[in-house]
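Both complexes shown next keep chain A, but they swap its partner, so chain B is in the first and chain C is in the second.
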Partner chain A sequence: MSAGLRAVRLGTFVVVAVSAMAPFTLLALWSVGGDWFYPALLPRSFTGRWWGDLLQDGRLLSAAATSLMLGAGTGILTCAAGLPVGQALSQASGWRRHAGAAMAFLPVAAPPIALAAGVQYSFLRLGLGGTLTGVLLAHAIPAIGYGSLFFLGVFEVFDRRVEDEARSLGASPRQVLVRVLLPLLRRPLADAFLLGFLVSWSQVPLTLLIGGGPVRTLPIEVFSLVRAGQDPAAATGALIMLIPALAALAATRLGAARTEVVAL
Partner chain B sequence: MTDGGLLVRGLRVPFGAAPGLENITFAVAPGERLALVGASGAGKTSLLRAVAGLGPGRADELRVDGRDIATMPPERRGIVYLHQTPLLFPHLSVAENIAFPLRVRRAGAAEVAGAVREVMHALRLDGLAERRVQALSGGQRHRAALARAIVARPPVLLLDEPFASLDPVLRHEVREAVRAAQASYRPAVVLVTHDLDEAGTLADRIGVLLGGRLAQVGPPGEIFASPRTLAVARFLGLSNEVPGTITADGRFTSPLGVLPLRTPLPPGPGIAVFATRALRLDGGGTLAARMVELRHRVQQTTVIVALGDLGLEAAVHEAVPAAPGGEVRLSLSGEEVSVFPHTVGG
Partner chain C sequence: MRRGVWLAGLVASPVIVGLVYSFAGATGIAGFGAHGSYTLDRIRRVLSEQAVWESLWWTVRTSALATVLAGCAAVLAAALFRGTKTLDRAATTLAVLPLPIPHLVAAATAALVLGQSGLLARVAVTAGWISAPAQMPPLVYDRPGIGLILALGWKEFPFLALVAFSVVATRGAALEETARTLGAGPWQTFWRVTWPVLWRGLGPAAVAVFAFAAGSYETAALLGPSDPLPLPALTYERYTDADLARRGDAFVLSLLGLLLATGVVALHEWLRHRVRRLDG
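Let's look at the complex of A and B:
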């Protein structure tokens, strides 16, 4: 490789790294910055006030708890619905497979605001507007789409003869699920749960339109703080929002190192 | 047959748009081994899977130990189908894998422990109970899969190409494991193979699957000595074919001379088929031929000869008296020659 090409590659890497890290570095500085006004590059003083306010402010903590609950629920629904749908799609062929995959992909591909507008009409008629259940079900729509496509990929490489073997050895379909499939799919299930959790955790349009005012999640509160110009408080809330994403990254990395053999 | 073992009558297995298996009928007694042989794509695996309830297929009658199992789900048929590659569950240890069929039947802990210990000992798996299956050698995997298959003592074992892709040492090990497994409680065994030697060595009877039908079923000696049709003879690799004429007085005349027919056939064109071993290089033989080529194999040395326009392969049991192009004498064992009516191009 020529020196010029190496320099271009290094430069590209630096640009990507800076653009990825800069927003989060700024958030971190903001969350501990005392006085920080343009054109100062760094805060003039540092303070723990914003974190203290956050811990004392029941609103943000309550929103974080709501987001955790919704994320966990969405993760569970992603696994519960995504696994059988992905499995069924992997076994289907022809137009059924194409139509099924397209239906799973639609809520993933659709602009969130369009999806939210469409869902809002039917949910309000069903009395689900402004309720936690409504928001949970709304979050589950794109999450299950992601989950179904994820499990479709998993079952594409999963050796289905293992199920035949277990049936032939005397296991009922339920025993095959409990004693063979679920243990073998432990890692993909954990990944799908995280996927569903993260889809819900960062969801704004669906929460706004279905939850209306009553359901306040962490992204909604952070969004409000940003709009109100309360930058340090918004930065602190935004940093908390990063925690699950970083935990998911770490879990995925650990999981990749310990992955069981799924395709035998 | 008795009520025991496996009875399959009128089994039909579809192959999508292609013609499938038709009217497959056979029975296997307890303790008996039936080898199904056939070319690749003949439907051997599909047949086993249909019998096990794991693949499509409909039978007029399907019984295990006298029980009608035609509409039962796979887990209730009393049939264990063993894949060609041992599919041990990777999340379970060797002992837990072997215990699996007993655990799903909710057997007691003491019964499970005793049965697992016994079968592991029978198949020389002692000391591997807690081992992860990924850490087993190829032979150990095969033996562990067999142990798991027989631990619950199913009346019928279906083995799909159990020796394919194994090296000779491992092949011997797995073959002996099959014998040991069957000796432990005498299940009816159906094994699929494309290796005729393997079938002849291990099976009590052989079934030849050709053109979607079971063309012939019988003991290995009978199948190899008396193939029922020309297609079966060709499948069995009886490499020598000599065209001739079937006469009204029950003889077959050809460049081989005149041979008496073992079974009456309609007069007309015929073809004699025989294995290499039926034709042998013999200084005192009555047939004169020209030597073409000497071929050495592990088990046997053969010679390719030209008898008029015909190319034939003969067994060599003595020093070869001529170089290629020279004349050799041959003798033919008439009892090992099968004659079939034959149409031109048929």
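Let's look at the complex of A and C:
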């Protein structure tokens, strides 16, 4: 390897490393920085005030609890709906396969704000506007799209002969599912749960329109804090938003890599 | 098997409901200010507004530039860090690390870094390049959308890098080996083999990234200018307008957004089909 290439590699590595660590470092600094006014490069002092406010006020905490619940619910729906759709799609071929994959991708690619505007009326008619259930179902729209594509990827490399073998040994379809498929798919199911969780955890526009005010999730609170220019409080909230995101990444070890279209 | 298509249709059904209702709202059949009869007046009026076209063009341009930025960075990373040394492994792990960071967090961080009294401006003051915040070129709420392009490019880079790493590993290695055996130098191998394999492999993912970037409301609302308003922000503004007659205009915009997304999805599937065929 030439010296020039080595220098380019090292330089690029530094840029990648700094850019990957930047949000964690900066948000952490902002959340404990006191007297940090322009043009000071670093905070003059450190304070636990923002974290204290957060614990006392309880608004961000209850919003975080709402988000956790919605995330868990969305994760379950992603698995429950994504698995059968992905499995059925993996057995299709030709134009049906293409049309199916495209349709599953549609809710993922649709601009959430346009989607929310389009479905809000139906949600209101069903009495779901401004309710937690409504927001959960709204979050599930893109999440199930992701989940279907994820399981399509999983079943593409899945050896179907295992099912056939269990069937020929006398297992009922239900037994195949419970005794063979689910245990084999434990890992992808965990990945899909986290995928759905994250889609819900980072959602803003669908919550904004379908939740319509009464449903306050963590992203909604952080979004208002950033807009209000309350930097330290916003940074503290944003930092909390990072925790499950990173935990999920560590847990899945990039299980999402199996799908070709997954980007959060 | 037909079941797959039907089930996928169910997955897509909310979008189809959204399309139908947006169409009904845009043509005056239903929704705010509806008169129950079909008319193209509203669509004509909204589409004759210059602000709408500027908004659409602004969103398409910034999303395309962010996609190109992230794509180039991903290709560079995949070409440079493809070995198995510690540096390669550390670089690929770090490149993918920000993948699950929400758009909102990326936008909030970008606002703190790029704002006129943000971290970048402070670095510039400390280094003596500028002396007042006003001298800092605006990178947030700016008309060219530099802050938004940087934030979206940064946000989408890990996903494209992940795809690029796997494309190089699965499709590139054997072909490159063949090229080298046939006497190609390192540059020839890169331009004739690695690069074509990479950009074809990245195509569908890049199209998906474009859709995510163009549809992201929170990044547009926190970093975009107020003139022109990015399309997702304009849609929200019209949808929540105090004037009920103007609210109906939002359906023309949501129809536009959903139709664009449908086109992008078709392009994505077609590109994926082409890449598959190359694999044989």
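Methods note: the second predicted complex is superposed on the first by the 252 of 264 C-alpha atoms of A that agree within 3 Å, B and C clash if a C-alpha of one lies under 4 Å from a C-alpha of the other, contacts with A are read in each partner's own complex, and residues count from 1 in each chain.
Note that contacts are C-beta pairs under 8 Å (C-beta built on N, C-alpha and C of every residue); 3 or more make two chains touch, one makes a residue touch a chain.
Everything numeric in this text was worked out from a predicted model, so none of it was measured.
With both complexes superposed, C is the one of chain B and chain C in contact with more chain A residues.
Legend: residue contacts after superposition of the two complexes on their common chain; A:7 is shown touching neither chain B nor chain C.
When the two structures are aligned on the shared chain, A:19 is found in touch with chain C, with no touch to chain B.
Once the two complexes are laid over each other on the shared chain, residue contacts for A:228 go to neither chain B nor chain C. Once chain A of one complex is fitted onto chain A of the other, the partner contacts of A:180 are limited to chain B, with no touch recorded for chain C.
Touch criterion not met for A:243: it reaches neither chain B nor chain C. Looking at the shared chain after the overlay, A:166 reaches chain B, while chain C stays out of its contact range.
Within chain A, the residues touching chain B in one complex and chain C in the other are 260-261, 264.
Of all residues in chain B, only 49, 52-54, 73-75, 79-81, 83, 87, 89-91, 100-101, 103-105, 134, 148-149, 152 touch chain A in the complex they form. Within the complex, the chain A residues that touch chain B are 159, 161-162, 164-172, 175, 179-180, 183-184, 186, 260-261, 264. Residues 1-5, 7-12, 14-15, 17-19, 21-22, 30-31, 76-77, 80-81, 87, 90-91, 94-109, 111-113, 117, 119, 121-123, 125-126, 133, 154, 156-157, 159, 162-163, 166, 204-205, 208-209, 211-212, 214-218, 221-222, 231-232, 235-236, 239, 250-251, 253-258, 260-262, 264-266, 268-269, 272-273 of chain C are the ones touching chain A in the complex.
Touching chain C in their complex are the following residues of chain A: 8-10, 12-13, 16-17, 19-23, 26-27, 30, 38-41, 81, 84-85, 88-93, 96-115, 117-119, 121-122, 141, 144-145, 148, 198, 201-202, 204-205, 208-209, 219, 222-223, 226-227, 231, 234-235, 238, 241-242, 245-246, 248-249, 254, 256-257, 260-264.
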